[in-house]
């Protein structure tokens, strides 16, 4: 964000060993890369080393298309690293899945349109026609796939085809009220971000505001997480809460919750776009 | 708190009807009471009216010992009210149950000793000897009742006897690590306040910080609630949370949690002491 | 919100006297109004009584157009009340003033378009052409009034004319980067809502994020308030904060601040639309 | 905290250069130190590198008493480092200055007594006799130095003598209502932690809750900071806020503020004890 030069971004984790950070920064430095971001974290219980490095490519002597190979050959194998390499000029391509509610959708499209996010959003997919008009306002293609028990497999196949056609890298479920099949999810592992309208793991599943109201909680929450085949049980990216009181009706909870949901979801999506999230053992490491 | 005069405090709820607030305020006004606090709330779904009124007794023409009778006869029966009457000069008497952890205990004793709370704390009960020394620092009696499966019934009977002897009105479980029997609870219904170290209903039961760590949540919480025979399921009085990150170990969660627990518990106890909490249908109405 | 019937909303304050609440509720009840909302607050230091009442008009025996007169004659004069009466079917008409930043604008237009707010927004006014396109997306008229020292008086006169023509009831400054003249403000006293991008009264005036960064604060805030002729000194409606750290650059503060600003502004505007705000002595009473 | 072995802690900052982190970690690793904590931060605007490293000394080949010399000679001069070295078994020695309010004092003494903090507190100093009794409860020496304009210089000299005698490393002002002289402060630069009962820089100086009430803010705050000769203007360590409403009297603000103050102060003191704070240009870098 601070730099206009083209940068490379390395996200990686590996078994912790002395000097790994030095090895990686040395690789960047000695080949002419100017580091503009570096953060690392060691899980001392699991003995795992995580890092994110970003460096300017102006004077980097390894050609872009060779960096991945060189890094894999010289370091990744040796240190048993799991890594991903991105380039700042290759914007991630995101699809939004939506149903009937517009608040998360608007929040993301506003960020997109005002260039707050370095992302491409070529595609909105829905199981309802309601948001067609909104998509049109922002000149984004809208594809309507009504889902029934009978046609679910078939429709998901068409959706996957479309996602492939548009080179979609990751999917955001913006209050998409339809459970994705386990098979669908395997095509986008750790690449589907959902917003659940409760403070997970409290109130898993349907109607969490109603459940929160019934239980008489004094705070309500929202949780964004990567989708896994276990409902509402994937790695949590971001959570937040808002205070309520006995005066709040279910309608108030839903209204207050909308603001929570959109902010919590957009924070998570923003971090994903910036390639600042690593997942490990059903948890996330989210760098600042 | 704002007034030094002796006051009466009325806490009540009843089926909502037009004019009930007027009836009650009229009763106070026309008999010479000067209202210093009035708050009301109507649950429009359940059609229940809740109120708290506090008035100065200087010029009130009904003698203190007759107010309850008069109010019951003239209004409570007629409007099917459930009410309680307190006097500001009759300090509630509180017992603290504690195990081995001191943070909630210290927080409450500091408030008590510095007269932040208008309460009497004549008694600390524990299933461990560890906090004896702390009790002594504050000159409060400490009774040690070790609990085993075999002696639980017998020990609880002794505790109840002691609580009765000391005219204890309500009990605070300050991280008391021992489940009270259903029978014990019946003696202090809606009068036992517990602190649970999670954002209920997430992580009910033992070791919630370990469970939160495993789940990879981004916020941890604490919940104070009245104790019912359902574990961690009684009416919630107060909740709060603190942000954590992937960097936090279980030890960090426990440390951050301690600060949450003591503040959340003390807020709830403070409201109870001020007689600002009404319970209804396993929920609380907490007035400001 | 809970009722579909047409309602009347009374907002009022007056010197506190015994029985005022009873007088007003009695007026509503005995004339056939069904109260669906009632909240009151007494400032015991200033001895001022504030209330908001809302009642259904189906069976109310006083004709709508006579309620104000009757209430004024029968009660307001007698009790020295300052009151306003609204009808739920008369939607308030709001104009948005904007400059170059879109985040607050989008947030409000999304709420408007999705019927979250019961309001009419016929008009957007700007001192820059940048948001023209956004206005068009939502089919709202956009009027561009470039302001210089020389033409300010003249341009404001035109703006006022336009506002009058469109029967605008209140104005929202959505990061409008141009100080309104004292004269302009007199036409919309307590009817212009601004968002200031700091935790007022810290960092009054220009570039508050830069000032916050310089000072090394650990939280940044946003404040929505009614505009008075004193810069950033009008009655505060809502404030909130977000945590920052030494890692955050000014760019990060600005980005995190955007989310704060739009939520804090929209909360304030929402309360204003619901007619839940009373102002008194440069402060607000905001009902739940 | 995770380790029982004796550790060394290095806190340092220097002009940012490529490879500094590698140099320092290499120094630790190659001499047999096992790193248990490592965090670094680069201020890319100021081009300053900050780090905190902690390593076990069991197999470290440089004797404890030589580490500082070796590090200074081999690296600190070369890289223009400003560094401090601590050992985990040398507990910092803290003095508390207090006036008449007990809440911060109790909070800290409870943490100290329960071994939450790895610190020694041999001494409490006060300008009032009120907290004598509290000090006695915790068996800590209490020295009473009444301060007048006339005797201030003389009394501060005696205090400094006492602090020296007890080898005090840092001072905590626990709502100490007496401004320290600039001369006094020079003896403990960046070593005096104060709690100010507002969200600085709002409401500098006396009676911030009264000022907050007057201004009608919707949140109140507390700020812990290092003391400099500029009143309430030193580097901020930690801040937090709590929500208030029009219903809160000044007394309520003061009561709610007490809980904020003690938690915010204790968080700052805890970080200082853990040697996790670096100061630079009137700001703090606070490691997790």
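As written, the chain order gives the labels A, B, C and D, with residue 1 at the start of each chain.
Here, contacts are C-beta pairs under 8 Å (C-beta built on N, C-alpha and C of every residue); 3 or more make two chains touch, one makes a residue touch a chain.
A quick note: this is a predicted structure, and the numbers were derived from the prediction, not measured.
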| item | value |
| --- | --- |
| Interface numbering overlap (same over half, different under half) for chain C and chain D | same |
| Most distant chain from chain B by Cα centroid | A |
| Whole-Å gap separating chain B and chain D, where each centre is the average of the chain's CA atoms | 35 |
| Distance between chain centroids, defined by C-alpha means - chain A, chain B (Å) | 42 |
| Sites on chain A at which at least two other chains make contact | 2, 44, 245, 247, 249 |
| Of chain B, residues touching chain D in the complex | 1-2, 102-103, 106-107, 110, 113-114, 116, 134, 137-138, 245, 247-249, 251, 255, 258-259, 263, 266-267, 288 |
| Chain C contact footprint on chain D (complex, rising order) | 41, 43-45, 199-203, 215-219, 221, 235-241, 245-247, 249, 282-286 |
| For the chain D and chain A complex, residues of the former touching the latter | 2, 18-19, 21-22, 25-26, 29, 35-36, 38, 40, 42, 44, 243 |
